[in-house]
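Notes to accompany the following structure.
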Amino acid sequence: MYALVDGPIDVPAVRAAVAQDTAGAILVFHGVTRDNFEGREVVELAYEAYGPMAVAELEAIGREVEARWSGARCAMVHRLGVVPVGEASVVIAVSTPHRAACYEASRYAIDTLKARVPIWKKEIYRDGSAWKANAETPSS
Amino acid sequence: MYALVDGPIDVPAVRAAVAQDTAGAILVFHGVTRDNFEGREVVELAYEAYGPMAVAELEAIGREVEARWSGARCAMVHRLGVVPVGEASVVIAVSTPHRAACYEASRYAIDTLKARVPIWKKEIYRDGSAWKANAETPSS
Amino acid sequence: MKVRVLYFAALREARGCREEEVEVPVGTTLGDLYASLFPGDRVPVAYAVNQVYAAASEAPSDGDEVCFLPPLGGG
Amino acid sequence: MKVRVLYFAALREARGCREEEVEVPVGTTLGDLYASLFPGDRVPVAYAVNQVYAAASEAPSDGDEVCFLPPLGGG
């Protein structure tokens, strides 16, 4: 499951997508809107995506995870539009036979998503807004 | 939330226990019954616990997590009795402001649980059973 | 020849539209095209042609979908 | 003096009960008590007194709850 959605993410569905009888560990990562950024109060975030390319990149990252960690299964869903404080903008589920690989694979998936998937975030403060860049963004 | 339960673990409740407006990352680790152990087919696992001490140790590990990683919140639930293949024996939720700390804290929680919380596991195969020790168990 | 150019985030706001058709000479690189559309802009963009990452030195073909990607914010 | 001894997992199966009261001389260490109850056993147990980890050299007091913890399997 690699998708962009407009409303709240169905977390049990993302987790169910990686179920397999050989799995000994499942990690579900949630990226959540925080109430502050460097001291400024965040009211909400708004995301936009280059949709077809974003889904293709999510699928490519998932294939990399499943190729690199034996027996891994991966699913990723990113929410678009406004995401209020406390709600998840992204949910990544990974299952593996053993937990060490699960932590590595989950971390790889979110780090790579931030660096490669064409999605943009506007932070809306009480007193303004700003497009926020991930530290992971490669400049070309 | 630090608890032992007899039936399926209520995962959304464990995650909800770590909700906080300052959280930018939530990780939910699920330890799941696998269908095999070193080539033998596992039918189910059965867990038993030294109940009051197990809960006290879960609480102590949670306090350690919250003291060691600034702004972290932790919740842990372990299931007892029979856990069929594909179902979770343990669920650990951790929330933190930033994700690097979340991965570290979650890993610490599960590793320390395996080493310190007085819970035992019997693996039931098609052709027998065995008490299985964690590699993390300290011998005294 | 013509290419379709898509804009997102700060570039969309700067350009005032989500996409447009642009007439470009054959052989124009992505870097040249960006410089001509956003003169003086110092945003460290990445480039995509037909939804695949591409180098600044690549030249799109007639009918291609081109996108300039400002620094990403997903996650 | 008397202590209450709890058994789990393989030790429970070996002893055939979940708990029992055991009469022990004052000053008996946990290690000595284990050796007397499971002579010849080589399981690398840990010890707890009143639900807190304790060293093999500790001596429980009258009325204490003692537990021998075989290798753990939680998670």
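By letter and in written order, the chains are A, B, C and D; residue numbering begins at 1 in each of them.
Throughout what follows, contacts are C-beta pairs under 8 Å (C-beta built on N, C-alpha and C of every residue); 3 or more make two chains touch, one makes a residue touch a chain.
Here the structure is a predicted model, which is why all the values come from computation and not from measurement.
Minimum number of contact steps separating chain B from chain D: 1.
The chains that touch both chain B and chain C are A. Centre-to-centre, using mean CA coordinates, chain C is 72 Å away from chain D. For this pair, chain A with chain B, the centres built from the Cα atoms lie 23 Å apart. If you average the CA atoms of chain A and of chain D, the two centres end up 48 Å from each other. Residue numbers of chain A whose C-beta contacts span two or more other chains: 31, 110. Along chain D, no residue makes contact with two or more other chains. In summary, the structure contains touching chain pairs A-B, A-C, B-D.
Residues 11-12, 15, 19, 21-36, 85-86, 88, 95, 97, 99, 102-103, 106-107, 110 of chain A touch chain B in their complex. Listed in rising order, the residues of chain D touching chain B in the complex are 6, 8-10, 44-48, 51-53, 55-56, 67, 69-75.
Put simply, chain B touches chain D in their complex at residues 31, 47-50, 52-54, 56, 78, 89-90, 110, 113-122, 131-134, 136-140.
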